[in-house]
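Presented sequentially are two complexes of subunit A, the first with subunit B as partner and the second with subunit C.
Entry: the complex of A and B
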């Protein structure tokens, strides 16, 4: 427990400390993988439970899964377009579900009860590695989507509507993953920090509104990430009406 | 006890907020694998299920609409038939009433004619018998008168 006599009790927060695992010569953050496996496990458990017996009149978890599917389908269809959304629905949907369950898991699961030798468990999305990995996947996805659908005509996108746009569009390819990853990372980490700091300062009642705000932010961030990913892919596969 | 923002400020040799390492590519691979797993376990089967239901609902709805149309057509047909049948029945009733009326009048007329005829016959009979009776009376009276005259004449 935290002694109350501290001038700054949040010194106990362990931001930036990691549980290092060695794989060959590589170091990885063990706490991120542990919590991400829990997230993936929860997702798979839900999916397996809900799709074990699909019926025309849905019951139980199948309702939830169908609601999620239609929600994600609507996002993908709205931003990618009627023609290509089927290919990218699983990617967009996985991004949304993984980020959403990660964020909410980070906010709702009492990770503090599990003690690690170093660092602490939390939302996998509060680690910059995870968010950059997701953002780079989005970049790869929209390049692949554009190139596979339009071939080298994809690069016409860089000079449309005028060649003046070329440098801006090239810069955009770098800012897109940067903004995606830092937005998610910053929001989730800040939310965890605020909740932790408040919980240390005033342990009862007071952090609750901030926790609810955190849940709200978490959901919004998942939606924003998935929507922007869909929008970028839609932009890449979009055919100009010549 | 190390203050947390010293770590964040990248003063530490190990760790820190922006500590990029092999976590990044492994996490990317993990998410790609998760995408394929979720596609196989979730997106494809649930999508098939939802779309099958949507098409089922669409076909059922068009079927139902066609059936409603058919029912409406049948209803219109039947109500037309009903109207025709009613009109036919009405005209039959009117015809029957007219015919009955005609028959009634004819029977009445013939009965009246017959009654008139038999009354005429009876009147003639009566007339004839009265004339006969009058003639007889007259003859009897003359005979009596003649006898009176003869008796009177004989007495004198």
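Entry: the complex of A and C
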């Protein structure tokens, strides 16, 4: 691992430099924990504030939360199906909201104002450990969904429509979490790097359009992660109509 | 890191992104062309077409991002740095 840092006038770009916490025999990236706790705290605060006093005519935070709920329900219902989507809506919703708020928080909050002994705060999703954890959760979720709904008949899915598909479907189980995690990690890190390099070359105004593009792509990435998770779960619980 | 390894890593990082963006570039062009054709033929379906287009564009984009991840590994976390 070669820690590398560009000295920039306004922000420093550091790849491979972390705030290490030693817990037992494990070295963990402290800045990821700190920023994800902040994200979780912000989400919890929003949800508690929005549901404290429920009104018949939603206003303010409650209105926003109802809009989000309907949006996520539509995603889950479209990809998982009418029968099973209620069980998985909380999971899909949590994934979407956590990734979305992480991505935007990493881009919009001036983290540089908070000084750490080493490394710097940023989007938790720009660390590959976070995205791999999320992707493995999705893998576990779709296995659990399939097994709990269909029992061992779930494995029929591997030999449908023909047993020739068996090796491909097994390989797919490994490539799904790989592509999910790399896609999210790469997109978020690439956004940060592009903005940092442009800010290094021209510190004023020029990076702004790229920053907006970054906000757009990171929102799309959250949507894609949630959509794909829903799609995989839906594939696992899908009943063949015989 | 000796100079041969670093030179090879830098060249490989450039190739990973450069070659990796050819295919998705062609694919995105084809997809956007198809979407424009669809909108021209059926302007009332624009919203649905746009949503699907954005989602599939992001899928293609992630292929380039895989190349970028390889490039970043070569530049910042080179396993052959020794």
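Keep this in mind: the second predicted complex is superposed on the first by the 230 of 242 C-alpha atoms of A that agree within 3 Å, B and C clash if a C-alpha of one lies under 4 Å from a C-alpha of the other, contacts with A are read in each partner's own complex, and residues count from 1 in each chain.
Operating definition for what follows: a contact is a pair of C-beta atoms (placed from the backbone, for glycine too) under 8 Å apart; a residue touches a chain by one contact, two chains touch by 3 or more.
Since this is a predicted model, take the numbers as computed values, not measurements.
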{"item": "Partner chain(s) touched by A:189 [first = subunit B, second = subunit C, both, neither]", "value": "both"}
{"item": "Partner chain in contact with A:97 - subunit B first, subunit C second, else both or neither", "value": "first"}
{"item": "Subunit B versus subunit C as contact partner of A:179, first or second or both or neither", "value": "second"}
{"item": "Partner chain in contact with A:49 - subunit B first, subunit C second, else both or neither", "value": "neither"}
{"item": "Which superposed partner A:198 touches (first subunit B, second subunit C, both, neither)", "value": "neither"}
{"item": "Subunit B or subunit C, by number of subunit A residues touched", "value": "B"}
{"item": "Subunit B versus subunit C as contact partner of A:133, first or second or both or neither", "value": "first"}
{"item": "Contacts of A:220 with subunit B and subunit C, given as first, second, both or neither", "value": "second"}
{"item": "Partner chain in contact with A:211 - subunit B first, subunit C second, else both or neither", "value": "neither"}
{"item": "Which of subunit B and subunit C A:116 touches, first, second, both or neither", "value": "neither"}
{"item": "Contacts on subunit A seen with subunit B and repeated with subunit C across the two complexes", "value": "15-16, 189"}
{"item": "In the complex with subunit A, residue positions of subunit C that touch it", "value": "1, 54-55, 58-59, 61-62, 65-66, 68-69, 72, 75-78, 81"}
{"item": "Subunit B - residues contacting subunit A, complex", "value": "1, 3-5, 7-8, 12, 14-28, 30-32, 34-39, 41-47, 49-50, 52-53, 56"}
{"item": "Interface residues, subunit A side, partner subunit B - complex", "value": "8, 10-11, 13-18, 20, 23, 26-29, 32-33, 36, 40, 43-44, 47-48, 50-51, 54, 56, 62, 65-66, 69-70, 73, 89-91, 93-95, 97-98, 119, 124, 127-130, 132-134, 136-137, 189"}
{"item": "Parts of subunit A lying in touch with subunit C, wherever the complex brings them together", "value": "1-2, 4, 15-16, 179, 182-183, 185-187, 189-190, 193, 217, 220-221, 223-224, 227"}
